[in-house]
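Take a look at the structure below.
Per-chain numbering from 1; labels A, B, C, D and E assigned in written order.
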């Protein structure tokens, strides 16, 4: 599952692609519509969550289609944490004469919020951890996922990288079973 | 995956109440708090109740270690906290470093011309690792307010997967305008010292701290015997009304630990003193059958130290267990949760073998870890 | 009835699958919406004189079949059965355009002759001087499976001891454009279809195993049109016929291609989610009507070597021996097929 | 008053990113939270900021929001009575 | 295990029902005429054309206005539906029923009309997908309501004979209880020009096995048979029209389009069919020959027939002078004619024959002949050296 350069790949198959010049916000909205996600709260999310949520939805929609609960752990990582939203939030408190910090922005100044968004949509009462690395550290991530499965703490693990900063982004998700 | 035991070999903390565990413990036993009214220029209306580490003390302590002037304030605190417990002889290719923080060097954003790289958490972690010569890539856990305690679970998991022989965990977060304004916008800050679990509780105080723990397979003072970190799947900022994720985290931890709930000596809970969090915890503890176990929150001593809190509170709890004494849950007077729990209102001396540490945070995250004192 | 074994197999695809390796150097192409087959050096196999009139499909098929026969030790098979979904479209298009462009005048027969759907099977027979049974199936995404089904029946009915069976498809730029026009093929703008490709896969099936045997092929079944709701009973019914439960399947090879009909594959994977590893492969090969011949090649090698190529990333933490393998394919909700393989 | 209601609806849609909602979808007397628009606690906090920023009204206890944000009617009356800018 | 034929449906230049076809065959009335529906520059040629326009066919079938059936699909749907009605099958999916269809032209009749137009306007793009051979079969399956094992064979002019074999094998191996088998092809510029460029189209009427034969007339049509297992029939007690006693396919491996001098492939196919039926050549009373009236085919086929039958030559006729060469439909059309011959104990005449070939002794039956026929053999050969033989028995 990869989302980059305005293209969505699921298991390396091209699912959806938009012109490279299109802004992320427009691209992800089109992808949302194309994938028929139908989740109005999507539009309240910050870009990092929108990205992670879209990627996760493609992988999880079938697994969680039934009503029954699914023990799919979420283990995600990125480089910039929530910096994109941090910067946006910091701007709202820079000017003391126009000082209206937004709670709806502030709440997204934590990278793991996207785990919450995914958990809520897919009713995942499951293990979740957000890591920060310079780059996608396959060893750390794969071993952590393997631990969760081998220890019986999870049946499956949605594991991967979700990075968003100043319009540059990349998502690469893997499902460990 | 190995079924080996993972032990805590050493620990330390730095808070406004002291630059080592002993001083912190003394203050707690005396009922002192780090939280003080502070006037900040960006919030002129009322004094804010914050637990800040004094710059004078920090500068004085910093003189102890050469060459740390170039590090940021938070990094200096982390280095100062880790330094006493690092076993330099043993550092090697199988030594891991886990850094737990929510906002890291977020203060850097306040200055003009800052690049996003300056606040990168991985860079922070690498600088700390570099100071000590830890060669493996550091792991940053940034999972909101459970980061600190979750890092213990993460460390244990990596050791059991055979990735590391020993792991140092350092947790830290600073008080910043960024965080203060945010919690203020959430109307989640109490205008006095907070009162976890009390009927008059009205929000949190923000604090800052760093805490450090060393884990390995070599027998130590405490053994990490069970953990769980399960999401509420309910709301990104509000806790689940049924305590779902915390309850399930406890179930997961107890299942792994194979101990009975009645054998738990005490619970070091999250207890942020917001109306909804404390209520949620009471429900989860009752669902788990933990309502009679002594429970305390350290938030009225330190405030909410975010990514540091879980680890700081574990360090204090371990010290208390070593002393075989429970901790008084400061700020509590009258039951303020719909279901009763056994809030520690006085110090109880007893032989404590097991204790539970819990935390919950934004994004619906929760963590529970069970520790066993090794005889 | 005789058991049927896959004794040899060869594939030509958008990956370098012809060099004996097992996708170690496979590359995922994220840029292009058409993935051309990596062609072997034809000169080593076909004389330039013979190859000058051969379309890509014929050449790919002749070489893949030669390699499979060589591996099996069979020089002339008892039967040759071919599947091709689109047939020889290069020559079809050529002749068609010649008719239209020249107003039905000045036509030469070469491309007409080569446009016939059974050209591939006939050319192989001609090359081998094989006078045996020679069938060609042309039914969209079950073209190869139909050929396979026939091959199994030829052996079961003892009408053949060994059968050369394969699938092949080629593509033309104009034909691709037409597929893009109606959203079946992906272009940068129309994103509902699939990334298209071409390729060939040939196998030698026989009633006796040899040293080179990959797997036993238990059965193949086809279904023209299914709703997603009907899919689970189609699959479980087929398994039950072979006294298997979903829990006994170790590996599912699914034909997800990224188009809007992938829900079928998701539904199938769901059925096995607690038991089997599901791998997909069209990210490597793209989509074409007989791409399931590649799936059979892939599954056969996985069974024989008990190893899943790294690039398929099953991310399976719990690994078990791969004994029973199910290949599921469909295209645009039509032409569903199941192939059941067993470790020998 | 009708103008104020329309203005509030537009602001709510914009500030709360109600992408798929148009002002006509919000009935004046329909509950904004829970059933109706399905707003949540973060939205309530956002509306508090909105009242401060655009109308100079400070709501210090989120609990007051229950009454203020009951419906567009309730919100419009509250704004009309209390606005300072 | 015997395979029963319980239903037949046909549409050809000599009729849109079994009765109409039989009438023409009996009374020697050809269907070869100038074309009315085909738009081609070669309009001086004669064709075995079905005299229904596409619009009329769509009306007969009750297709919606936005249908994307090619002429091939419509002819096929028409004949397949008739076959099921003839077999009096009530609930088609009550038993495991499949469809094996054959075609070579497929949706080409529409593709050749709109190839460049597709790009210009969206109006006819619905025919892009129905170009595929497999989709013609899907349309027929959808029309007659078959759900399950559906596939297509395309081995040029032996296609539908091969579809019959595949269907029989599916019943023999227990995979199906009933299978609708046959083929369909419409006239198209593509094939007219193809055969014309090969210079094997006659400018007059085709004359199979005649020394002065000049080539074939192209035809169009469709024919389907319903094959059923005896086990199923025992349960349902419906009349059996004939049995498929034997069949064989072999490859000439001689040339892309031409048949070998010796008729090797044809010989092998007949030999295999006789072996499977457990019959001596002498048991065959009537051969419905492929007999396209091309110089090459008829000689090759005649040699193969002489090799098989020696001095026990049965009555032989080619019915291509009635229908023209219907390509992928020829095998099933002629299978039906063979069964009709057996049912009515008649050898249909080989029209237009005047002069025997010098190379062989064979002479086809030129007039209608009443005869006891217990076993009838039908040959179909195609490009790529594809040779097929079917043997039907009365009992």
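A few notes on this one:
Convention: a residue touches a chain if its C-beta (ideal position, glycine included) is under 8 Å from a C-beta of that chain, and two chains touch if they have at least 3 such contacts.
On a predicted model such as this, the values are computed, not experimentally measured, just so you know.
Touch-path distance (fewest steps) from chain A to chain C is 1. Identification of common neighbours of chain B and chain C yields A.
Of all chains, the one whose Cα centroid sits at the greatest distance from that of chain E is B.
Centre-to-centre spacing of chain B and chain E amounts to 83 Å, using the average Cα coordinate of each chain. For this pair, chain C with chain D, the centres built from the Cα atoms lie 60 Å apart.
Rounded to whole angstrom units, the spacing between the C-alpha centres of chain A and chain D is 30. Looking at chain B, residues 185-186, 235-237 sit in touch with two or more other chains. Under the contact definition stated at the top, the residues of chain A that touch 2 or more other chains are 101-103, 107, 146, 150.
For chain C, residues touching at least two other chains: there are none. Annotation, chain-chain contacts: A-B, A-C, A-D, B-D, C-E (touch as defined at the top).
Of all the residues in chain B, the ones that touch chain A in their complex are 1, 42, 102-104, 106, 109-110, 116, 119-123, 125-126, 137, 139-144, 150, 154, 157-158, 160-161, 163, 177-178, 181-186, 228-237, 244-245, 248, 252, 256, 361-365. Across the interface of their complex, chain C is touched by residues 2, 7, 9-19, 34, 61-63, 65, 142, 145-146, 149-150, 155, 159, 174-177 of chain A. Remark: chain A residues 29, 40, 42-44, 100-104, 107 touch chain D in the complex.
Within the complex, the chain A residues that touch chain B are 74, 79-81, 83, 86-87, 89-90, 93, 96, 99, 101-103, 106-107, 109-117, 119-120, 122-134, 137, 139-140, 143-144, 146-148, 150-151, 153, 165-166. The touching residues of chain C, counted against chain E in their complex, run 1, 80, 85-87, 92, 95-97, 99-100, 103-105, 107-109, 112-119, 121-123, 125-126, 128-143, 146, 149-150, 153-154, 156-157, 177-179, 181-182, 184, 221-225, 289, 334-335.
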